[in-house]
Amino acid sequence: MMLSVQDLAVSRGGITILDAVSLTLQPGEALVLRGPNGIGKTTLLRTVAGLQLPVSGRVELPPEGAAYSGHADGLKATLTVAENLTFWARIYGQRDIAPALKAMNLETLADRDAQNLSAGQKRRLGLARLLVTGRGLWLLDEPTVSLDAASVALFAEAVRAHLKRGGAALMATHIDLGLEEATILDLAPFRAKTPAPGQGGGFDEAFA
Amino acid sequence: MLALLLRDLRLATRAGGGFGLSLAFFLIVTVLVPFGVGPEGGTLARIAPGILWVGALLSCLLSLDRIFALDREDGSLDLLATAPIPLEGVVAIKGLAHWLTTGLPLTLAAPVLGVLLNLPQSGFLWLTLSLLFGTPALSVIGTFGAALTVGLKRGGLLLSLLVLPLYIPTLIFGAEAAKRGAEGLATATPLLMLAGITAGTVAILPFAAAAAIRVNLR
Amino acid sequence: MSIWEYANPKKFMQTSSWALPWVTGLAVLTLLTGLVWGFFFTPDDFRQGSTVKIIFIHVPSAMMAINCWAMMLVTSLVWLIRRHHVSVLAAKAAAPIGITMTLIALFTGAIWGQPMWGTWWAWDPRLTSFLILFLFYLGYIALWEAVDDPDTAADLTSVLCLVGSVFALLSRYAVLFWNQGLHQGASLSLDKEEHVADQFAHPLWLTMAGFVLLFVTLVLLRTRTEIRARRLRALEARERMA
């Protein structure tokens, strides 16, 4: 099992926004989180990644199991594409960055400074970072932002290959990636109920 | 871990990395002092160790907010926090990188500036030694301050307000060692205290700083 | 019935609203008695004249300046370990009181020092330590003000309080060392407690007790305000969500 989430509640700014979320991912599975802006997709992903503590519930994943990719790509403008990627590869104890460059079609850009990349190219570099982590579970927050159609296809291909290798992916995205193996999870039913002010709200509840 | 150190050093030395800025600031502060207190050699010699220590401390302060703020902006800090290296290690490496790019150059430049301030012959060795022992503490304490303020939009001023009081013991023992050295007195006690502070901060503060970063990333 | 029950905001509000009038009354009574006794019913010192009587404000405020930080350290630790909101809000509420006490101690010290030593200020270890304590309070309060999210602010200030305590202690020893090392000409002895005669000591004890009670009163009041502000914030956030 790659990931098991049980009865998870997450909060943003001190307010519980999602409640009773349960999901599991087996090797080869992908799950796409859907829902309107502000429902808590990012918060859920950050909680699963361990950047944030859950309000209640449990997140279980194998140690050193997940690689997280957020809105920002974590690129250094004054380092070249290859230097950026090599850095992350070494942080994750990997050596070879060539396959990742190839998969994201960045080979010709390898020696260019990251500051001279277009938004889409930067995003591709950010996704190539996932490939050099060697982690089984990918946690992706809006991975396709600023990608053109060809790059989206490239990315979908990378995810598919990852799933074939026995990996798994949990992602928040609005675009249909054309991944027929992916399941879709709508977060709207998990929206936390807000008790009306003054109702059942002792100091305790109206505090956190 | 080594990769992180190399990356930070590389970033510091590339364009816009800010390497050398603190050094230039140190130079300017030192040059300004005689304009303020007068060119009389005896006065300058007497205050030289203290001025150089305060100058080094302020120069060190100048580059603190870059330690985590840049990584926070581009998302690297999130990724580092989820990476397989412990956050305490990240903090320690960041502190080390800051010392290598700021504290060490300041230490090496201080004797040269000592000449400008008419520092007595006997003082050079002790000034350099005291800075060598003391500046790592400045970097580590500063890293802790930077970790506390990493979530704030304009944390620079607050960072100074938080860090400067924490610098007091280091400054006292460091300047005292340099001063005693310049006067030809025994320097063992303040130097040992200084080394003790550095060892203590290096051992403990990365944990506090990592805790602060985790809180700020939530 | 455990002490942690009072960490429940509701329970705290109930208990404190009951206790507050009593503590306030007791504080006023003790403080007034102590001060009137001290100011009007003690003899003038044969050397210091009537200026000595500032001792009845100076010493208690100096004591509270330190005790307040100690209280903040304890409540911060309780927050970090047991996550009781009331605890950290009490620390937040205490800080401005502590910094005021530090300022009172510094100013009364200066007023006292001028006629006695012929100077408003000297870099005496004790004076310097209080100045440093003032800076630590300043940083702590500034951090509370700067961070928007209350729980984040609580965590960060608590960590700062912990680290700050260690460094404040370290500074104290460093300052003692530094002043010896400077070989200043006139060393000013501040060990006045040792010389205090009984006729001064009794009202002094009373004012010290009064300052403790005053501190408790103010902390209770301010903690209640902080809790209400926190509740208001939570309710407003909920309203926006709904």
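Order of writing sets the labels: A, B and C. Residues in every chain begin at 1.
Throughout what follows, a contact is a pair of C-beta atoms (placed from the backbone, for glycine too) under 8 Å apart; a residue touches a chain by one contact, two chains touch by 3 or more.
Quick caveat, the model's predicted, so the values are computed rather than measured.
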Pair joined by more contacting C-beta pairs (A-C or A-B): A-B
Chain whose average C-alpha position is farthest from subunit B's own: A
Core chain by centroid distance, with centroids computed from Cα atoms only: B
Between subunit C and subunit B, distance of the C-alpha-averaged centres to the nearest whole Å: 32
Between subunit C and subunit A, distance of the C-alpha-averaged centres to the nearest whole Å: 48
Between subunit A and subunit B, centroid-to-centroid distance (C-alpha), Å: 37
Where subunit B touches two or more other chains at once, by residue number: 218
Partner subunit B, residues of subunit A touching it in the complex: 49-53, 64, 66-79, 83, 86-88, 90-93, 129
Subunit C-touching residues of subunit B, taken from the complex the two chains share: 144, 148-149, 151-152, 155, 158, 161-162, 164-166, 168-169, 172-173, 176, 179-180, 189-190, 193, 197, 205, 208, 211-212, 215-216, 218
Of all residues in subunit B, those that touch subunit A in their complex: 2-4, 7, 10-11, 14-17, 71, 73-76, 78-85, 217-218
Touching residues (chain side subunit A, partner subunit C) in the complex: 13-15, 17, 194-197, 201-204, 206-208
Subunit B-facing residues of subunit C, complex: 132, 135-136, 138-139, 142-143, 146-147, 152, 155-156, 159-160, 162-164, 167, 170-171, 173-175, 177-178, 181
